[in-house]
Structure formats: C-alpha cells, structure tokens
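One chain, chain A, links the two complexes that follow: it is found with chain B in the first and with chain C in the second.
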Partner chain A sequence: MENKKSLYPTTKFWMLLFMFITIALVPGYKYQYAILPLVLILALFSGVIKQVTLNFLRSTFILCIVIFLMQGIFYPGETILFSVGFIDVYQEGIMMSLSLTSKIVAISSLVILFFATTKIKDIVFSLEKMGLSPKATYVILSTLQIIPALSAKSETIMEAQSSRGMETEGNILVRLKTLLPVFTPLVLSSLEATEERVLTLEARAFSSTAKRTQIYTVEKRAIDYILAAVAIIAIILFFVLRGGL
Partner chain B sequence: MHKVLSLKNVSYAYPSSEQNAVTNVSIDIEAGKIYSIAGINGSGKTTLGLIMRGFIPKIYHGQLSGEIRYNGKEMSTQSMDVLCQEIGYVFQNPFTQMSAAKDTVFEEVAFALENLGVNPEEIKDRVTGTIRLLDIENLKDKNPMELSGGQKQKVAIASVVVMNPNVLILDEPTSQLDPVATKEIFEIIKLLKQRGTTVILIEHKLEQIAEYTDELIIMEGSELLVAGDTKSVLETTEYSQSSLEYPKYYELYKALNDESIEPFYTLEGMSTAIGGKDE
Partner chain C sequence: MKKGFKYDFTLLQILLIPTCVALSVVGYQISQMLKLPLYFDIAGLSIAALLGGPWIAALTAVLNHTVNGMIYPTALPFMPVSIAIGIQVGICANKGMLKGPIRTAIVILLMSLIGTIVSTPIVIILFGGVTGSTTDILTAAFLQSGDDILNAVFNQTFIVGLVNNTLNLGLAYFIVTRISPRYLSKTNYGSKFIKPNKKVYDLDGEVK
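This part shows the complex of A and B:
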C-alpha cells in the first residue's frame, strides 16, 4: 500500500512555492503565460490532460474573459486601441488585463495540476508526518469524502419533497423557496448521523492513546530530495539575484 | 461457563431525561453464546447494549448506578483502548459506520488497527484474514462510501471483527437491509459464534433471531422482563404478557402440540413424523 509513482507532496509544495514567488514577482506577463503550456505538457505526460484542461476551462478561462472585458472597457487610460460603437478599449486596460490574467492563469493551472496529480490522502499523509494531529487530518479527509454523500442525500430529499408537491423548477425565487425544506432535513439528519459516527469512531479506537500506524504510505525518494533542494536553492537564488539587480 | 459480562442492579437515565432508560437490570453473559436482547422501541435494549460496551458512562454521561463487570473487573476501570479490542460494537445504520476517511474497503477495515498502533505488516495479515473470513474479498478495492447498505454492514462488521473482540454487540444490524443481506449477516454471526466469540444481538425481529439465539433477554419498559434459553423464555407467562409477538414457527409449534385443535384431516403416519400425539 505505497504510492511509488508520484512525487512526495512536500516536494511538489516546494516547487509550487518557487513558481508562485516568481509568478508574483517577475514583471510583465510573458513568463506567466508561458507556464500554461508547460503545465499542459506536464499534464499530458502525467495522463491528466483531460482533467486539467476541463477544470481550467470551467474555472479560470471564464474568469479571465470577464476580467479582460471589464478591465479593457473600464480601466482608465489615454491610448485608445480600438472602439466598438461607443465603447473605447484602452491599451492601458489591455495591459492591466494581461498582467492580471497571466498571474491567475499561471497560478490556477499549477494548482489544478497539483490536485490532479496528488491524491488527497498523500497530502494528508505528508501533513501527518509533519506533525499535524490525526484528528485534524481525519477532518480534512472525511469532509472531502462526505461532500458527495451529502450531495446525493440532498438530491434524495429534493426528490422526496417534490413528490409531495414542492416546486423545484422555475425562477430564482421558486428555487430559493426550496432551500428551507431541503436544507432543514439535510442538516438535522447530518447532525443525527454525527452522533452515531462519533460512536463508530470510538468503537474503532479513534481516541486510542497508542502511536498511530498507517498501512498506506508515501515514501520520499532520492528524486524528491533533489527536486526539493533545487526548488529551495532556486527560491534563495531568485531573491539574491533580484536584490542584486 | 465463564461469565464475560456481569450486570448487577444496573439503572441508567440519559442526561436530558429524568426517566430511566434502563431500570434495575441484572444479567450474566456467558462466553461463547449468542444472546439476543429483544423488546419494542423504547424498551431500553440499545441503552443496555451501550452500557455493556462501556459507551455509557464513558461517552454518554447521565445517572448510572449498579455494578458492571467485564471478565470480573469493574468496567469503569477499563480503558477505552482495552474495551475497543475486547468488546466490538456494530451499529444499526450502515451508512454512518464508514469512517469516511478511507477510500478502499481494505483500508477501512484496517482503520481500527492503525489507531491501535499495530505493526503495518500485522495489520495487512489480519485485514486479509478478516476479509476472507467474511467473504468480502471482492469488495476490498472498492470505495466504502459507494457500497450498498448490505455491503457496508458487512464492512462495518469486518472493521470490528478485525480487532478480534471477545464480545461482539450488534445493534439491529439488519434493520435497513434486504432479506438476502439479512440472511448473510446472520450467517456471519453464526460463523463468529463458531470461532468462540460471544455475540449480543439487539433486535426486535424475533422471527429472524430465534433460530440463531442461545439465550433471549426480553426488555419491556426499561426493565428486564425475562431471560433464559429461547424456548423457555417463549413459554413464560411474562413473555405472553409482553408487547412482543410470538414468532410464527413458535405459534405453529404450539398449534401442533395443542390437543384441543381438531385437525382438518390426518394422513396416517404424518402426525407421528411431525411429533403429533395421535399414535
């Protein structure tokens, strides 16, 4: 029960930290935009290209389009690049949009790649190794696992309520009215389940004073030490060179 | 026979209640038998199970009086670590019994042993053995949260059995399961008895449990009404005055032995075969 393929989560963390620092501090937008194709190539080699692309398009792409439109139209500037009807698009606005969106694109694509290539239980394992209490890591893991179960339960409640004549389709006001009869039983049943889950955990020695062991492990390999060291040195060098320039 | 659990004059009231959930219960649980605690809803059977496991008063506070002993030692002096390994507890709802922190059944079953700090190699051996014993090898790589109710209940039992408890308490383990899954759970219970585990089954469906039960404990209105081997309990006047119905086959047995009932017809030899009295 060992994850031997992936890099150790903290190795990825050091590499991400280097990237985030440079994304934030390197001026302009070309470097930041260049990260996106790099991420896509890495995603391709990692076999997660579809997942990364879809998540990127669903989240970041739409956000960037909105930023481009808003900044391009409303950012105050002097150099009109082009006009569409009565709307003037300024060069300063476009430059600001490029600067802003390039950072968003770079950071979000890296984060999406990180989560596409890292199992949550790997992250939790490394956090526990770093000294985080098993109770805290349990909260992280169980929350992530319970969300889909709660979502399924809310759908069941929704169907049950609509079978009793509650309107679930329609305008925003109609949909808002459905919230109370759906969320009340959802919250109450979840609270009830919590009590039984506490007892279940106790029945499985969750509060044991023994030093916990794990059958699922993520081992650090030589490549992890090398890449983490390279990332840390790169961060130091970046600040040294930047200070010297 | 060795008494694993012994309750003497035990009464308990939940913190939010002034009424006793269990009143003046005295019972000895002998090793290696299957006990069934039966009673209608609110009779105190689940509370009695929680007392026997030590969840009362360690987790549920409130007013507890009387003497509770596990293997001759006062229950309150036992640590939760010891109680976890000695007395297993399986709950009614299969959906809340998954830890929700593991993404394979194998890891789910290993969860308790990890918490107890057992060596990983030993954990793997014990989990493999338990999964094989309960015949759930086909589930070991599946996500516990995505299993059916019956499968989840089997995994819940495996997650407790893996600790190799002396006593296993099951609180209405089949109440949310279909007949096939119910039958499978009872077969597991029989199997555990064969391995020497003392099983305490909390159940109101006497129809299903009488077949598997050695000793029946009937609870009524928070009190222990009657206890003993299944047949003798069913024959008591206390049982006849309780809110529980007789299992159908017991009614049939009674009818077959009732000389006042005239048969519709008789076949020669048949009544002898079924234990009739018209030789």
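This part shows the complex of A and C:
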C-alpha cells in the first residue's frame, strides 16, 4: 500500500474512538452488527480483506458461537425459544448473547481493520511525535521484529532436539517434558542476545539525550485535520444529544 | 544494585521487555504445536518479573496484550490481569518468596487468586462468562451443577489458573536458575538466582 493514501494514525484513532463510544452506548444490536459489513467493505477497498477475515474468524467468531451456546442454554430465562433434545434454549439468553456479541464483533473487527491498514512504523512515529520516549518506541518496534525471529529459532531448536531423540508425540506428560529442552535453549540464547544488543545500541549512542532526526516520517494532510475535527465534533455532539434526550 | 521504579529502567532491563513478550508469544505457539491443553503464555511474563522486577513485568504485560490484540482483539481487555500478576510475581520474587516449596506454593496461590479476581468481572461483563478456550467446558459443567455464572467463572478461572501458574512459574524458575551468573548479575533482580560456587580455587586456577 502506498503511504500517501493512508491516513495519519491519530486521525484513525479519533474516528475509532467515536465508533467505540457509539458502539458502547447505542442500545440494541442492529447498529453494532451493521459495522461488520462496513468494516469488510472498507477492508475490500484497502486490499486487506483476506487478512481481516482470517483474523476475525480466528479471534472472534468461535468466541461468539460459544457465547450463544452458553448463554442460550444457561441464562436464567422463562420463554423457551426451542428445544434440542433435552436442552432448552431460552429467548432471554439469546437476546443477552445478541447484545454481548454485537459489541464484541463490532469493536474487534474495527481493531483488526485498524492494525491491518496501519503500519506499525506510522503508529510508532506518531507516538514519538506526541512525546513518547525513543526508548519506548524502540521497544515496541523491536518486539515486532523479535517475535518472528524467535519463532523461527524455536522451530530450529525443536528440529535439532528431535534429531537427538526428543519425543514430540505421545501422552501429555511426554509432551510436557519436551518443553524444557525447547524452551531452555531458546530463553538462554535470546537473553544472551539482549546483552549484545545493549552493547551495539550503546556504541551507537542510543542513550544520548540529544535531539534525534527521523529517517522515516509521516505527514499530516488536510484531510487528516478535517476528518479528525469531524470525529471530535461527532463525539461531542453524540454526548450532547444523548444528554438532551 | 538499586531497585525501584526510578532505577529499574536501565537499557539492559528495558531490552528484557521485547524478548519476554516474544517468549510469551512463542510459548503460546509451542504449546499449540505440542497440542498441550495449557498455554505457556505467562512464562515470558514470569521471567520478566523474576529478572526485571515488577515494573518491567507490568510493561511486558502491556506490550504483550497490545501485540496479541493486533490479531486477537479479544485479548486486549485482559491486559489488567497480566499487569496485576506481573507486579505481584515481581514483588514476591524480590521479597524472597520463591525459596522453598511452601513459600512458592503461597506465591502460586496468590497469583491464581489475583488473576481470578481481576479476570472474572471482565469475562462476565464483556464476554458473558466465555473465554473461547477449551476450559469453557469446565464453566459449563459448574453451571450445569447449579452454580450461578459468577461462581462458575470464578471456580473455573481459579482451578485452571492454579495448574497454569504452577507450570508457567515452574518453567520460568527452572530456566532462570540456569542463566549464566554473568547475565544475572547485570539485571536488577536476577542476582538472587545465582547459585553460590562451592568450588574453591587456588592461585593457579586449580580446584583445591
């Protein structure tokens, strides 16, 4: 995705805040459920539809199904909607699950869309511009770099240990025991690496308090100011109207 | 070494955070790969607490849930649970509560209790008592036996937490005691895990 097309992260943040407030405070579930198709359409236009759908299915979908099952069967209700065998499903439970899941679906789809369309680099840059210390932003960025590296390393260690006869299949105790020969070298080597990273960073004047220059920048454009202002006014209007009603 | 909020954020300590977050994520992946019913996702947090102290652990928890939340937004509301556990384990380890089985058992009990107290309201208010993992079967079993939702979730979280915390903290402790003394001595809280060297050397470097 071309950087020029993307909005400034804080603009998106204000828009998200408006959405979150309305999702939490608007009664019913129809508005909340309407957000999912909206998110999917936006994702389609941003070219991240596959990623968004996949993350949504993995994180939220199963959870919502379980909520329906649990609330439908166990919520103390009186009106029986229908019965499957000896299990009665109550209307009150279904209503409860609808109001719960609608909010979960709406908020989590928006969060997924936000992270799918926003580069972490941009978020970190805007955070640093807002006054977050460069140490903190380095920690955020390096976390995201270390995770895939460590994940690859754990696979290497697993293969190496199984070639030495470590069992990865069998009953649960056998599988639990394999954790030690995998985890121990992983932790030890990654902690040793931290020590080296400290030396490398200090050699590059990481702890210096002088003003830094940025090699990567994101600029706010006119549309960012307009959208952020609209979102903030919408939030204020929402509260005013709600208070008046 | 000076400890406390003002002194804990040395560069070496700060760099513990990304490593421990990554360990938590990879711990989760490994437990899925080995098809374990429990997730080793707070082993990294425990290591951060043992080596870096309570504040580094709290930041590790914040970052861990943010990173998870990018893909699994339903992990975000549980951030306070990990923060509370991280701070508690950090303080307990610093006070020498990990010496001996009885004290360690108290730490694990505290961990589970704090985790349960913080997470139960989140689970009930936001998710209607459901966590989306296989342990929901236990909640359903408690509900079936006549418990109300508060008790069912509380019992489920406490029992699962007890097993989970024992294994996670055990793993973290096992590994921390095997880290080289050279590294442990550089962290603010790790030096108490250095095993005293019983061998006595003479001037030629030979063992007496």
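Assume the second predicted complex is superposed on the first by the 239 of 245 C-alpha atoms of A that agree within 3 Å, B and C clash if a C-alpha of one lies under 4 Å from a C-alpha of the other, contacts with A are read in each partner's own complex, and residues count from 1 in each chain.
Convention: a contact is a pair of C-beta atoms (placed from the backbone, for glycine too) under 8 Å apart; a residue touches a chain by one contact, two chains touch by 3 or more.
Here the structure is a predicted model, which is why all the values come from computation and not from measurement.
Peer 1: With both complexes overlaid on chain A, does A:Ser208 touch chain B (first), chain C (second), both or neither?
Peer 2: Only chain B is touched by A:Ser208; chain C is not.
Peer 1: Touching A:Tyr216 in the superposition: chain B (first), chain C (second), both, neither?
Peer 2: first
Peer 1: Let me test your reading of the model: by the given contact rule, A:Leu186 touches which partner, first (chain B), second (chain C), both or neither?
Peer 2: Second partner only.
Peer 1: Which partner does A:Met95 reach: the first (chain B), the second (chain C), both, or neither?
Peer 2: neither
Peer 1: Tell me which partner A:Val198 touches in the superposition: chain B (first), chain C (second), both or neither.
Peer 2: both
Peer 1: If you count the residues of chain A that each partner touches, which comes out higher, chain B or chain C?
Peer 2: C
Peer 1: If we overlay the two complexes on their shared chain A, which of chain B and chain C does A:Lys121 touch? Say first, second, both or neither.
Peer 2: So A:Lys121 only meets chain B here.
Peer 1: Between chain B (first) and chain C (second), which does A:Ser151 come into contact with in this model arrangement: first, second, both, or neither?
Peer 2: So A:Ser151 only meets chain C here.
Peer 1: Who does A:Ile35 touch here: chain B (first), chain C (second), both, or neither?
Peer 2: Neither partner.
Peer 1: Contacts for A:Ala231 in the overlay, against chain B (first) and chain C (second): which applies, first, second, both or neither?
Peer 2: A:Ala231 contacts neither chain B nor chain C.
Peer 1: Can you give me the overlap between the chain B contact set and the chain C contact set on chain A?
Peer 2: Residues 142, 146, 149, 193, 197-198, 201-202, 206-207 of chain A touch both chain B and chain C.
Peer 1: In the complex, go through chain C and note every residue touching chain A.
Peer 2: So the residues of chain C touching chain A come out as 9, 11-12, 14-19, 21-23, 25-27, 29-31, 33-37, 40, 43, 47, 59, 63, 67, 69-76, 126-132, 136, 139-140, 143-144, 149, 167, 171, 174-175, 178-180, 183, 186.
Peer 1: In their shared complex, at which residues does chain A touch chain B?
Peer 2: Result: residues 1, 121, 134, 138, 141-142, 145-146, 148-149, 193, 196-217 of chain A touch chain B.
Peer 1: Please give the residue numbers of chain B that touch chain A in the complex, ascending.
Peer 2: Answer in residue numbers: 53, 55, 59, 79-81, 84-85, 88-93, 95-97, 99-103, 106-107, 110-120, 123-124, 127, 145, 156, 159-160, 163.
Peer 1: Where on chain A does chain C make contact in their complex?
Peer 2: So the residues of chain A in touch with chain C come to 55, 58-60, 62-63, 66-67, 70-71, 73-74, 96-97, 100, 104, 107-108, 111-112, 115, 135, 139-140, 142-144, 146-147, 149-151, 154, 158, 168, 172, 175-176, 178-180, 182-184, 186-188, 190-195, 197-198, 201-202, 206-207.
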